[in-house]
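Presented sequentially are two complexes of chain A, the first with chain B as partner and the second with chain C.
Entry: the complex of A and B
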């Protein structure tokens, strides 16, 4: 065994890589459970890739065959129902982990120098994943698939001058059709997952291992100091146990409540002549959907929606505080918890029809969403911060 | 508390050592058992994915079909598609039956009695796939090229079979494979069963095939 290892190491830095990035990767010993969701998201990515490879074997990206091929998978393929439910509920787990992972970054100021690239590569993964989820949603060719694709591609018609032509170019047809399905399938199964998400995940982890993990205090810990311990066995164990816990919940829904997260209307084949009465997006898009509908102007709504994600990229420059963690910043702490609550309210607004109280609530929440980012730069001058602990006391 | 005696203290030290030792063993045990359970679980998780690669239910269901043989004349053969594979149905003439009976079992590479190959002497039902490399042999009601027997001839590598699909000459190692069938009435056959795959089951004797 050690002979084979030696043979390998003379030709390829296997042991070096494993020690540097896994077994001996220096990890702050004070990480709390909010630091677990990155690895959970990674596991969901792996699940999506594996189940996706299997679904691609039987799925047919052609408008006359797509819907039936999904039913064929559900009824005829051995364990096809399992593989498809795993894949259909995967995004729920993935976005759940990702939102908590990003919320952790927001609360503990993980985006601050020197972790800007870590934050930005993370945002690229988030954006690519949204595109990935949206394109994958068209593939079953149900009513919701069709109309979601119609509405979302139509967003781009709000672009001045060339918007409408751009939409036709995006769809490859005057309405969502076979050309659209073909390109969505291609991008969903090749370029986006492997070329973008997979690649940027590698960049994300490479950047992480250059700067090291943050920690709840926001202190830059000495990598050889007493507050830092090796990844193995401490965090491997913690990650594995937590992943098992999350997978248990995920599998509960896969086996017992798969339809809880699936839209019943999507079990009707797409009909270009009938729009469903109540259009709802998947839960993980609801807050952004609410922002879109809160602005009574076509271009304005689209800009607000994309802006709400884009503004996250400016966080390293909006938050200039010398302290990272909201734990020692009483004002940021309250504002950030309110931001999370507000995000959930936006989700609730997105779930309901936009009039009356709901519309008003949506507008207030949208305003708070952006206000948060405008207040952040003003905080450092006024906020009375709490004393930081010493590294040796951790 | 009164100070303990030296011996007691030494015993306590020993006990601590033992405890440490026991704790390490417990850790090893826990690591090993959880690794075993985890690896076992991952192994089990591969089962649905491997099974998903097998034939789907609609393909299995399509493995049962009915064939009308009322138009089949004596000495004629018909090829029907069953599970995307050719099946030969031959109405054997009395002469063919007699000719096949005269072949000595000892001269066959894959010996089989005539009654082991057919349910009714006048009708042969078998897979039309040469057991050499999978080509489709052709039916020669008069004489197989190079022989004085009616039967099948495979153009790919010269495999020769009699009117019972028994290998007579050439490279094929076995007789043409049989498959389950049943007479629904004098003119109607049901071919195949949902379970029968044609690869892993007995394909040499009509009597041992699953009932269609």
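Entry: the complex of A and C
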């Protein structure tokens, strides 16, 4: 065995890699469970890739066959229903983990120097995952698939001058059709998951292992100091049991309540002549959908929606506080909790038709969403911070 | 862990609201084997004339063209109707409620006034309520024939996962026993 290891190490840095990134990777011992959602998101990515490969074996990316091929998977393929439900509910787990992971970054100031690249690569993963989920949603070729793709691609027609031509270019046709399905299938199964998400996840982890994990105190810990322990075995067992807990919840929904996360209308085949009465997105897009519909101007709404994600990229420059963690910043702490609550309210608004009180609520919540980022730069000068603990006391 | 729970509840909040949106009369459903068998018979005698059930291999008697000229639109395939009309059992309840809501005046449905479908059961039929219940159960089955297998396997998978999680939790407790942490970072250990 050690002979094989030596043979390998002379040709490839296997032992060095394992020691550096797993067995001896220095990790702060005071990480709380909010630090577990990165690996949870990673597991969901793996589940999506594996189940996706199997679905691709039976799915037919053609408008006349797509809907039937999904039902063929559900009814005739051995355990096809399991693979398909795992894949259809995977995004719920993935986005759930990702939102908590990003919320942790926001609360504990994880985006601050020297972790800007870590934050930005994370945002690229988030954006690519949104595109991935959106394109995958067209594939079952149900009513909501068709109309969601129609409405969302149509948003780009708001771009001045070349907007309408751009929409035709995106769809590959004047309306969402076979050409659209083919390109969405291609991008959903090849370039986006492997070329973008997979690649950027590697960059994200590489950047993480250069700067090291942050921690709830926001202190930059000495990698050889008393507050740091090796990744193995402590964080392997911590990750494993927590992933197992999250997967138990996920599998409960897969086996007993899959319909809870699947839009009923999508069990009707796409019909370009029948518009659904009530357009609603998957839950993980609801807050952004609410921002889009809160602005009474098409281009304005589109800009606000994309801006609400883009503004996250400026966080390292908007938050100039010498302290990272909201735990020691009473004002940021309250504002950030309100930001999370506000995000949930936006989700509720996105679920309902934008009229009357709901519309007003949506506008107030949209305003608070952006206001948060405008207030952050003003805080350091006024906020009275709490004393930080010493590294040896952790 | 307290804030943890709070956030999870907040994230599930929109889902809980969504589940409660449909307003249908509370009718009792029966998903027994016998009910499914009777429901299949009801489908063949009362629905198949116009509606196909293609994923179960049933063709409709009437062509789509004939249905269009008689009722103004083609009768939809019923294979997935129970899933398309509501989450979980809600879809079956929808079908049952629709079938029992035809009034004395012919062609009028109190729940769905604009429906193209004429009354399915004769108003003199004493078994019409039972038939509606049975066919709703049968269409619920038809929408996902392997649902029973899914729940059956799910019991074993969930049981296994609970044991595995408990075991891994124990392993984690054991590895961390030697490490003293003070997570609040406020006091010395």
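The rule we apply is simple: the second predicted complex is superposed on the first by the 394 of 394 C-alpha atoms of A that agree within 3 Å, B and C clash if a C-alpha of one lies under 4 Å from a C-alpha of the other, contacts with A are read in each partner's own complex, and residues count from 1 in each chain.
Methods note: a residue touches a chain if its C-beta (ideal position, glycine included) is under 8 Å from a C-beta of that chain, and two chains touch if they have at least 3 such contacts.
For clarity, every value in this text was computed on a predicted model and none was experimentally measured.
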Check: Looking at the overlay on chain A, is there a clash between chain B and chain C, or do the two fit?
Finding: fit
Check: Between chain B (first) and chain C (second), which does A:54 come into contact with in this model arrangement: first, second, both, or neither?
Finding: first
Item checked: Per-residue contact with chain A, leading partner among chain C and chain B -> C
Next item on the list: Using the touch definition from the top, say if A:166 reaches chain B (first), chain C (second), both or neither.
Entry: neither
Notebook entry, point to check: Is A:234 touching the first partner chain B, the second partner chain C, both, or neither of them?
Noted result: second
Margin query: Touch test for A:83: chain B only (first), chain C only (second), both, or neither?
Written below: first
Next item on the list: In the overlay, answer first, second, both or neither for which of chain B and chain C A:248 touches.
Entry: second
Check: Under the superposition described above, what is the C-alpha centre angle at chain A formed with chain B and chain C, rounded in steps of 10 degrees?
Finding: 60
Check: So, A:267: does it touch chain B (first), chain C (second), both, or neither?
Finding: second
Next item on the list: Go through the superposed model and pick first if A:75 touches only chain B, second if only chain C, both, or neither.
Entry: both
Item checked: Smallest distance from any CA atom of chain C to any CA atom of chain B, in Å, after fitting -> 6
Notebook entry, point to check: Where on chain A do the contacts with chain B and the contacts with chain C coincide?
Noted result: 75, 82, 240
Notebook entry, point to check: Given the complex with chain A, which residues does chain B contribute to the contact?
Noted result: 38, 48-49, 51-54, 56-59
Margin query: For a test of understanding, state which residues of chain A touch chain B in their complex under the given definition.
Written below: 50, 54, 57-58, 72, 75-80, 82-83, 240
Check: Contact residues on chain A for chain C in the complex?
Finding: 29-30, 32-33, 71, 74-75, 81-82, 85, 96, 99-100, 103, 216-217, 229, 233-234, 237-238, 240-241, 244-245, 247-248, 251-252, 254-262, 264-265, 267-268, 283, 286, 327, 340-341, 344, 347-348, 350-351, 389, 393-394
Check: What residues of chain C sit close enough to touch chain A in their complex?
Finding: 1, 4, 7, 10-11, 13-15, 17-19, 55, 76, 79-80, 83-88, 91, 143-146, 149-151, 153-154, 157-158, 161-162, 164-165, 168-169, 171-172, 174-176, 179, 181-183, 185-189
